[in-house]
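In structure tokens below, several structures.
The following pair of complexes shares a single chain, chain A, combined with chain B in the former and chain C in the latter.
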Partner chain A sequence: MNESLMDILCCPLDKQDLELEVVRRDDDEVLDGRLVCTECGEEYPIEEGIPNLLPPDMREGAPA
Partner chain B sequence: MPDADPDEPEDSLPGDAPSPDPDRRGVHETYDRIADHFARTRAHPWPEVREFCETADRCGTALDLACGNGRHAELLAAPAERVVGLDASRKLLRVAHERAVERGYADSLSLVAGDAARLPLAADSVELGVYVAALHHLPTRETRRASLDDLARVLAPGGRVLVSVWAVTHSKFDRESGFDTTVDWTLPGGETVGRFYHVYDLAEFEADLRASTLTLETVYESEGNCYAVVGGA
Partner chain C sequence: MVDRETATEQVYQPAEDSHLLAETAAEELAALPGDARVVDVGTGSGYVAAHVGEQTGLDVLGVDISPLAVREARDHGVGVVRSNLLDGLTGPFDAVTFNPPYLPTDPDAEWDDWMEYALSGGPDGRRAIDPFLDDLPRVLAPDGRAFLLVSSLTDVGAVTARAAENGLAAREVAEESFPFERLVVLELAHAE
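Up next, the complex of A and B:
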């Protein structure tokens, strides 16, 4: 995920800003990390460079 | 128009399935399962989408909503500086990334896993978009309308999106009014995997668009699909 994408990403639930926490990066590319909603606190993982902004009920392992 | 893809197999249709799965995880888990095979059979962009993208003004950010393997993201990369490809299937997103690397547009493509009915994008952030053959996978009218409203929210003033859904007039169905069904995907080994569809009639598609906060520029039917060009709120 290119860090410049932060200017348009938001929390899918309440549409508030996200805070980027980087675990691993390669220049501007964030390879691993997470996005945390500044309002509701929901956490979204960045895995293999792709942010997973699926709402919690659509994530793997969510109760059907 | 699925028939325009010469290498696209015929999906098998068991008829009206009485119990569409209202579970919001259902369809994207199916696409995770069929991703590799599905992507191989979806190599060619649709001509209607090609024309829409080729006549679009230059812009900053474009959105391929429910991008699948990204075949339309490639077309959006011509007029747009940046294309966001959003899909619920993370496996299809990985295929989309590989395709973009192979075909040389990876630098302008940003991939995001997300729900088409609850977009993780800021208001007024998108100037151009396509939403092709995906709205019909959302399992309730309420969810489909929520998706259209959320699309209106993210569109910048003057922004335009081409939306398409399967139509009841498609040769596969040949019906007159909209209905819910399950369409099986047949994997190479013969295993079938069902996908929920709401198949639209044109009047119903137009009614859903008009009920949303999108502005409707044009709506028409072509080769078994309903199309609309829409703008923001």
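Up next, the complex of A and C:
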């Protein structure tokens, strides 16, 4: 995930800003880490370069 | 971990609708400045995002709810975010593209895999289109434009009416006829 995306992403629950916590990165992008909502504190994982902004209840399993 | 072959069978691959949307959007967006923000919702394999990006030189972000789709789109060189429609996005976007599931489906049908989910538009074909239209004004820049692929099977009039309820003006910018349906690209913008 390119860090410039921070400008256009938000918490899917309350639409507030997110804070980036980097665990692993390469020259181009963040590979693993977290996006944390500055308002409600919900955490959204970044895995293999892909941020997952689904709310917790939609994160697992097949489509519902 | 799902193997790649199974994953491809579970991700919508480019078809006539994808081509019509990709070509129309690439033409319409050719004049945007290089730093314009563009997002392709329900990007699937990433085809529309990649095609628009290659033709216009713009950076196009791909969004999908399916974990298999975002992985495949990323493999095709598209920057991706996993999100339900526009939920995790704030914008403002200069352009939005969306080739939604639009086939009306049996209300009793269950979506037990990602491919069915990618195709099923619900009883009226507008399961994904209606919430997209309801949320689009929030993320669309004041002079931004969205390009939405719809089918005659989806009831283009109902889609246009839903857009109007949300303060969006719709106009047809491309169409292609097939034996059982007509595909249309609607351009959506904030109504004046």
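The definition used in the following text is that the second predicted complex is superposed on the first by the 59 of 64 C-alpha atoms of A that agree within 3 Å, B and C clash if a C-alpha of one lies under 4 Å from a C-alpha of the other, contacts with A are read in each partner's own complex, and residues count from 1 in each chain.
The definition used in the following text is that contacts are C-beta pairs under 8 Å (C-beta built on N, C-alpha and C of every residue); 3 or more make two chains touch, one makes a residue touch a chain.
Being a predicted model, the structure only gives us computed values, none of them experimental.
Following the overlay on chain A, a clash is recorded for the pair chain B and chain C. Of the two partner chains placed by the overlay, chain B and chain C both lie in contact with A:2. Look at A:57: by the touch rule set out above, it reaches chain B but stays clear of chain C.
Contact with neither chain B nor chain C is seen for A:20 once the two complexes are overlaid on the shared chain. Once chain A of one complex is fitted onto chain A of the other, the partner contacts of A:31 are absent, as it touches neither chain B nor chain C. Chain A residues in contact with chain B (one complex) as well as with chain C (other complex) are 1-2, 5, 8-12, 15, 44, 48-55, 58, 62, 64.
Against chain A, the residues of chain B that register as touching in their complex are 23-25, 28, 61, 82, 84, 88, 90, 93-94, 97, 110-115, 118-123, 125-126, 153. Listing the residues of chain C that touch chain A in their complex gives 37, 39, 61, 65-67, 70-71, 74, 79-84, 87-91, 93, 111-114, 116-117, 138. Residues of chain A touching chain C in their complex: 1-2, 5, 8-12, 15, 44, 48-55, 58, 62-64. Interface residues of chain A facing chain B in the complex, by the touch rule stated above, are 1-2, 4-5, 7-13, 15, 44, 47-55, 57-58, 62, 64.
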